[in-house]
Every structure is written in C-alpha cells, then in structure tokens.
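Dropping the structure in here first, questions after.
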Amino acid sequence: MLVVLKAKLKDILNTLAEEYKVLVPAKIEDTSKFISYKDNVDIILDENVKLSPKDVFFPQTEKMYKMKTVKTSMELENITDEAGKKLLFGVRSCDMKSLDCFDQVFLTKGYIDEFYKNKRDSVVTIALSCSQPMQTCFCSAMGVDSQKAVGADVQAYDLGDKIGLEAISDEGSKVIELIKGQLTEEGAEVPQPGEFYLKVDADGVSEKLNGMFESPIWDDVSKKCLNCGACTYVCPTCHCFDISQEVRGENVTKYRCWDSCMFGEYTQMAGGHNPRPTKKERVRNRFMHKLNYFPDRYNMLLCTGCGRCINVCPVNLDITSVIKQIKEAE
Amino acid sequence: MVDLTLEIRKTAKELLEKGEAKVVLGWEKGNFPYSTTPVFIDKPEDTERLIWDEYCINNLALYMLDYKHLDGKVGIFVKGCDSRGINRLVQDKQLDREKVILIGLSCPGMKDEKKAKELGPNADIPMAQKCQDCRYPDPVVYDVFLGEKQNKKVPEKIDTSDVEEMETKSPDEKYRFFTTNYEKCLRCYACRNVCPACNCKECIFDQTATGWLAKANNVSNNMFFALTRAMHVGGRCIECGECERVCSVNIPIMLLNKKIIKDINFLFGDYDAGLETEERLPLGGYDYTDPEEFM
Amino acid sequence: MCENCSCGNDHNHDHDHDQNVLIPQRGKIINIVEETSDTKTFSISTIDDKKPFDPQPGQLGMLSLGNVGEAIFSVTNKGENHIEMAIKAVGELTNALHEVEVGQEVGIRGAYGNGFPLDFCKGKDLLFIGGGIGLAPVRSLIMHCIRNRDDYGKLTVIYGARSKADLCFKEDLFENWPKVPNMDVFVTIDREEEGWDGHVGFVPSYVEELALKPQVTVVCGPPIMIKFTLPGLQKMGYADTDIITTLEMRMKCGVGKCGRCNIGSKYVCLDGPVFTLAEMKDLPQEY
Amino acid sequence: MSVNEVQQNKEVEQNWEPKILVFACTWCTYAGADLTGLSRLQYPPNIRILKVPCSGRVNPQFVIKAFQKGVDGVLVAGCHPGDCHYTSGNYFTRRRFLLMRRLMEYIGMEPQRFQNRWISAAEAPKFQQVITEMTEEIRTLGPNRKLRDDQW
C-alpha cells in the first residue's frame, strides 16, 4: 500500500492544492467542519467533524437564478457555479454513504437536480477510514463499513502514525499520480476498527415500521422533542430545502436553503391547513422517513450512523433509542 | 451528591397513584453515563425510570407549555433554574400555578456533558458553565421539597466580567467577534425552542410571510435573529444558560443575554427574572425617573 | 422505465435534460377570467406565444411572480398555445396574482405529477364530482374527454358550491358542457338563494340522491366534501379502484427533491397528485 | 462581481451621501418636522421619515431591519416624557431603547448611527439641529456596512 506519514500530510495537501481546491476537516471557531485547506488550518484526523460535508454539495443557502422585474416584465438570468475541481480530503464512511443517499434523491426518479449535480461532478473525494469510533457512532448498525467507504475516489486508511492510500476510481488514480513521488510503498494491513459504544440492532426495523404509523410510541418519542432543527441541520442525509427569494427593488434573487421537517411552517399550506400540525406528526415523519419511507423508495436507510444528531440534540432524543423502541414495540 | 433517586421515584409514584398528578416530569438516564433525557411519567410503575444525578441538566419548565390545556395537574421536578422558569411562565400568564405541583430539588451544579464527551469516562468532569454561573441552586418556589437545601453562598449579583471585557473593545473588534460567531449559526432555533422565556404562540422568526427574517442563512440575517431574540427575552431571561448549552456550533449566546441583564440592573434597578410572579417585567413597565438620555 | 433517457423514471416524460428543472421559463398571462369573487382563471403562454409545456390532464405546473414567490397549481385546461390555471386567492402569492393584469410576465415550469390514468378511463362512462375550486383539476380531464369525445362513454358532472356566486366555470357548466353529446351536468348550491331554481343541497347528498350506477368516478373538492362523498359512493357499490381523487400538500420544488410533500413514501408532486381510493388506503392518513 | 460592478460600486462610494431613517411619532416629531419645513428651516436632505403612531410602536426589529436594508443611521424620535398622546407610550420607548442602544453599541455599531431624541411639535429648530448633527456625524463615520444584508 502507498503510505505517507501523518506528519507529512500537509506536503501532500500542498501538492494537491496546486491542482484542486482542497477541503479538509478542521477545527474552526469552537466547532469543526470541512474548510478550504491552508497551511495553517487545524486539521483533525482523530474524530469526525461536527458539521457534515453536505454543504459542499448542498449549501445551506444556494442562489439559483436571478430575475429582473420591471413593471410587468420579468427577465431571467442564470447564475453560474464557481469553476474548478474540488478535492474533499478525509471524508468518513458515514458521510460518503450520505452522498450515496443524496445521489438517489437528487439524481434519480425522473429529474436531475442540476445545482447538486454540478457540484457533485466537480468534487473528488478521499475517504478516510476510522480506527476508533466516537461514542455516538453506530455506522456499522446502519450497514456502513467504517473502513471502506462507498463511492470514494480514493480510500485512505488510518494506520496510526501513517496514512495509507488506495485509488478506487479513475479520478482517484489521477490524484494518486499527482502525489506519487511523496508516497512510499509499504506492506501495511488495514487495522480492525475499535468497538462501538452504542449497541444498535437495526435489522428489520424498516419492515417493522410498515404497520406502525398509528403506533402509540410516537406520542412517547415526540414528547420531549423541542421541534428545533438541530438534528436535521447537522444530519449528513437530511436534504429538505425551501425555495424563496430576496427582493431588492427590481432585482430578485431566487435561492434555496435548508429546511427542516421539525418546523411547523414546513408543511403549512396557504389556506391554513397543516397536515403535520404538532410535534408528534413531525417527529414521526422524521423517523419514518429515515427508517421506512426512504428505504421503501430508494432501497437504503436514510441514516448512516454518524451520531451527529445524538450529539447535538438539546434533550438527548436518541435515534438509537428510538430504533430500540420500535423493535420492542408490539 | 446526595442520592435522591429513590425519594424522587417514591414521590412521583405517590402523586400518580393518588391521582394528584396526571403526569410527572423528570429526568431519566440516557444512553451514556453523562447523559439524561427528560421523561414524562403517567403510570406509577414507570416511575422507576426517574433518576437524579449530576447530569440532570435540562430545564424542564418550558415543557409546561405543552400541558397548558391538560385536564389535571402536572408534577414537575424543579432545580433552581427550573423553578425560575416556572415563575416566568406564571408571570406571563402562560401557566396556571394551581395546575402544577412543584417538587423542589437542591441542585449541586450539573456536570458539563460536552466536556464529558471530549474527556472520556474516567476524567474529572468540570461543572457546566451555566451551573458555574448559577446564583439560585435552590428552587425559589416549590410545593414539596426533597433532600436538604444547600443554602450555598452565592454571589449577590450576576457575574458580568466577560461582558465588561467585551465592552472595552473597539466597535470593529466587537463587531468582528459577534459576526464570526453568528456566521456559524445554523438557525436551527434550538436556543429559542429550549428557552423558558420564549413562549410566544407564534414566533416572529416563523412568520415567513411577514418578511421579517428571510430563511437565507447569512451573517446579516443571523445577527437579526440574535439581536431581536436578545431584545425579546430582555427582562425575561432567567440566566439558565440553556440556549448556550444547546447551541450545536457553540455560540456564546449568554454574552448577549448577560449584557441586557447587566444594563437592566444598571438602568432600572437590580432585577432577577423568575423570582416572583406578580411584578411587571422591566420592559413591560416604566418609571418616571428612568435615566434620560434622549434629550 | 422512461424511454426518452436514462433518468430512471417510472414513466415516460418529456422534460429536457439540458434544462435545469428548478428554473422556470419566462411566461406571460394572456387572459384572465373572473370565475368568482375570489377565483380567477389565468391563461399562460411563453413569452414567444408557445405552450409552456404539454400537460396531461391532472398534472401540475409551478407558477411564479418574480418578486412574490412560486407555488404549484393544477392545470385546468390547455389550448393550442397556452395552459390554464384556476387560482383562488388564499395566500401571499395568490393574492398578488389576483392583482395582476393581462400581459404580466410570470415564471412557469412543469408539467409535474402523474395526471389522471387516461388509459384506464378510456372507453368507460365517467362521473366527475367537484366542489368549489375542486373542479379545477377535474376540468382538465373533462376538457380532455370532450376533445376526444369518441374515446369515452357517457360523461356526468356533479358540481356544487356554497352559493351561485361561488360556482366556478359557469360558462362550461351552463353553456358548453350541456351541449356536449351524451353528457349530463348537475349543479347544486348549499343554500336556497333568490334567482336560483336549480338543486339545493350539499354535494354528498346530491350524489346519493342521483344514485347513478357505479362507474369510474373522479372526486375533487374540500376535504369535508370528500369525507362525506366517499362512504356514499362505497355504499352504492363503487369500487375503490374506480374512485379517483387528487391530493394536495405544500410543495416547493415540484420534482420530488425538496421533501415536504410526502405522504408516507409517496411524493404528491411526483407520484401524485392523482390517487385512487385503493391507493390512498395504503397511504398513512396524513394529508 | 464583474469589473463593471466594482466600478459602479466605487462611484457609489464616491458620491455617497448618508441615508438616515427617522421613525417619527405622528403627534410630536412628525408635526415638528412639518413645522421645520413650514418655517423654512433648512436641514440636510439625507433623511427618510417613517411616520409611526407613537414612538412606542417602534420595535427593536424595525431598527435592525433598517440597517439590514442599507441605511447608515436610524433615529427614533417621539414626544417628550409626559407629552405622549397615549399617556405613556414614550416611557416604554425610553426603556426599550436605553437598552437597545447599549446592545447595538455592544455588538460594534457606532453609537452615532442609532440615536433617540424627544422632539415636540413646536421644536422645529431642534429637529433641524438634530438632523443636521446626526447627518454630519454619520458623514464623518462613512457608509455603514455593519449588519447590512448585501450578499445578493
């Protein structure tokens, strides 16, 4: 396997930065997320970032197009995406899996979301295996292999003081080619991942939920929920958005931005009717969507076990407990 | 910490068995040694789920809004901060004091869950910031009290040294500080939703049709949110620090709330929100002798 | 599978894959008909006088006013070079739309949704039941049947509104449709009213009164009307698979991405808005 | 941003004039502004007056929104204490904005940009003076970028 010392990682990133706009997981302003690589960024390799990389592909606020409205006329003007290839270094298996979910949503079922596709096509990914799961991690229960990500261009392995690299796709081979001179060939074994703290058994949970729309567990589960959007905004798979506009006199910018199924306004119709009026319906929809509706539609769970929602929930509403409760329900 | 778990369970069980309360709100253990989660018990046999340990940090008062129309009484365990939250809701006529049974608990100060996650299970976990700043560890109102009051010596006035330090900076420094922080804001509204002072039936930030706050996330809109919220909870904030605790991107929200508390104390006389239920709020009243700066 | 491209859609569709589906075409309002005090029908064509898209009966279109917003409406009819939408003023955008005049430029995109099952309806007698603005989606199918009159059996319309003034599409109801061969139109209003010599009563009871033989039925109207009409139909022996209705949810993208219009694992914008009663029974009751 | 736009922005900057939003209570300050005009008292044309029924009508979010939308300064003006048409509206105003002014300063807004004054219907010279002074103060500070929502 081609390896590099972690201490020399920045040399590689510097080389790659000549070709790509490199994004790395880093600590910044008392949180952590993927940011543009610079020599002085505080890269973190021992744990996953607090905010998922989804905003690289699906920004929290994304301008879509502009309009000029003068009296009765309305002219449309497209907005072009910034050009250039991006390279996302150090994406964990859970977050790679979430891109798989995003691809299903944005690229299939008859319509392609061009905004997403343009960004997706311009990003090359280097996935990084996890040696020690964080306490809130439960990816293996969601069918994610923490050592081998789906859809990565390059798979990187955490080998202690070194990182091993393996090209997966053609794009990945190009990346390796660029840095080949800085890598050494070594016999290295992919280490076994550490134990998961959270024991979750999600087998059959999708099927079990088929008859559970009216189950009393939703009353119980939703009681403590505050209906904030923290879980949905840190979730790497949550992809709901709203479309709105900013009006500046004649100039209108149409944009889309993240939305959350936890907010009452989300399904509120103009006439006043709201099909999901209370937190019970909203919480039920969130978990049903993740564990039943999405599998039904796209044949995969809409949860990758990254544990971020467990980490941020103000009231510790824990999806693994919900899964347990579902499985134990009559 | 005195282990009151058994007493808590017993009290809750009695309330439910005698039918004095329809439901009892407390805490149960979460999935981690350092986590608890609010629990709503309506069957006597479920009272075994209740616990009392150094991680029962959630302020439960705001849940009373969900039980406004319950036919019957609600039992609720209250620490100092929870009890002030209850008073606030009663003061805002959001809650009928007669409909709650407050079971007081003296709070030794809860440990910092975020730090516990970072430091691991064997570390010495520091007290949560909100508890370090707490001046009312004993409930200020209760119907039943379990355990013993600490009557701990607490500072008479809120510690605003961090606010004062901020005030000494130049306008641009201050602006940079707040905007770098609010640039991170996800606008998940956890701070608002967890706040026992926020009890509007429909929040201004949810009235998208009015156009006050666009959904677009940018630093200007986020600052609009932060400042408007700070003003809206001005005089109502009970310093429970829940907003700052739940922020998923660690914005020092209390720096804004404490600034307003400090100024209220200075301008209109010392005021601690949530200590009583009859008086007018600082911003809901006035005094002819208020400082005059508008001449 | 879609034969036009490799998009993986379940059915054929005519969208252009080079076109960004979330960006509308530039269109304009070429005609406005005032149906009732709060409902107008807008005819919309592209800026170069073409039909913005070719909707199947029951499909949806996303209409926007530049500085107000965008919302989805069912297409009530189509012409050579335009589509029609009947819009009731209920919210921010719809109120603004009611203020505009002919010539106003708008954004228009579509067609979205599944539309009515035309193959299934072919050759059969069809009963259309509508209440208030609920006639809007049904009208697209009625107009289709009239245009292709030989392909369908007897057509019957039962339509009701609160008052005479609230009746939509009056010209169709009283002038055009009664002249169509083998077509009956029954109109009712909720309460007695001066100058009205037609039927008085609610739609559900009128349906039971008329006691037509079981046939393929399209029901659209306010939830309360649907709620009371369906049991009546079932009592009269109408099959669940023959009862067709349309559902509505809040929508933003119209193409199954933005997430909010789901009922269970179905997206109303993509898999709906047309569902048979049999299909609806498989969905969670959350609409 | 295209080169053209940068050019335009520079021009805007060069020809920049302070833009001040005045929330004026209809009973006192608005009438005072009226009298200023009737008395032929000159004041800088940099203000836009927004008439409110009472200075107590002005919510904190009005002020922040104004800065978001691009004004360089905000003045909230109403009747003197004791003169409120609704008896006590301006006492509430006083409390609210004593706090808000401090909060705005605290987050880095220059205090000159957000001011409050009592101006009665008879105080035309005071209106003239306040507007003139405030305009000059803001002119010295330059255009306001803080809180502005200019990312569109």
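By letter and in written order, the chains are A, B, C and D; residue numbering begins at 1 in each of them.
Basically, a residue touches a chain if its C-beta (ideal position, glycine included) is under 8 Å from a C-beta of that chain, and two chains touch if they have at least 3 such contacts.
Keep in mind the model is a prediction, meaning the values are calculated, not measured.
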Looking at Cα centroids only, farthest away from chain A lies chain D
Looking only at C-beta pairs that count as contacts, which pair of chains has more of them, A-C or B-D?
A-C
Just by CA atoms, which chain is the most central one?
A
Averaging only over C-alpha atoms, locate the centres of chain B and chain C and give their separation in whole Å.
50
With chain centres defined as C-alpha means, what is the inter-centre distance between chain B and chain D in Å?
35
Measuring from the mean C-alpha position of chain C to the mean C-alpha position of chain D, what distance in angstrom results?
51
Note: chain C residues in touch with at least two other chains are 91-92
Contacts with two or more other chains, residues of chain B listed in rising order:
218
Return the residues of chain A touching two or more other chains; collapse runs of consecutive numbers into ranges.
242, 244, 246, 259
In their shared complex, chain A is touched by residues of chain C numbered 2, 7-11, 13, 15, 17, 20-24, 26, 28, 66-67, 69-71, 90-94, 100-101, 103-107, 223, 248-250, 252-253, 255-260, 262-265, 270, 284-287
Chain B - residues contacting chain D, complex:
163, 166-167, 171-178, 204, 212, 218, 220-221, 223-224, 227-228, 230-232, 234, 256, 259-260, 263-264, 267-268, 282-283, 285-288, 290-295
What residues of chain D sit close enough to touch chain B in their complex?
60-61, 64-65, 68, 81, 88, 91-92, 94-110, 116-118, 146-151
Would you tell me which residues of chain A are touching chain B in their complex?
29-31, 50-51, 60-61, 135-136, 197-198, 220, 223-224, 226-230, 232-234, 242, 244, 246, 255, 257-260, 263-265, 310-312, 314-318, 320-321
Contact footprint of chain A on chain D as seen in their complex
149, 152
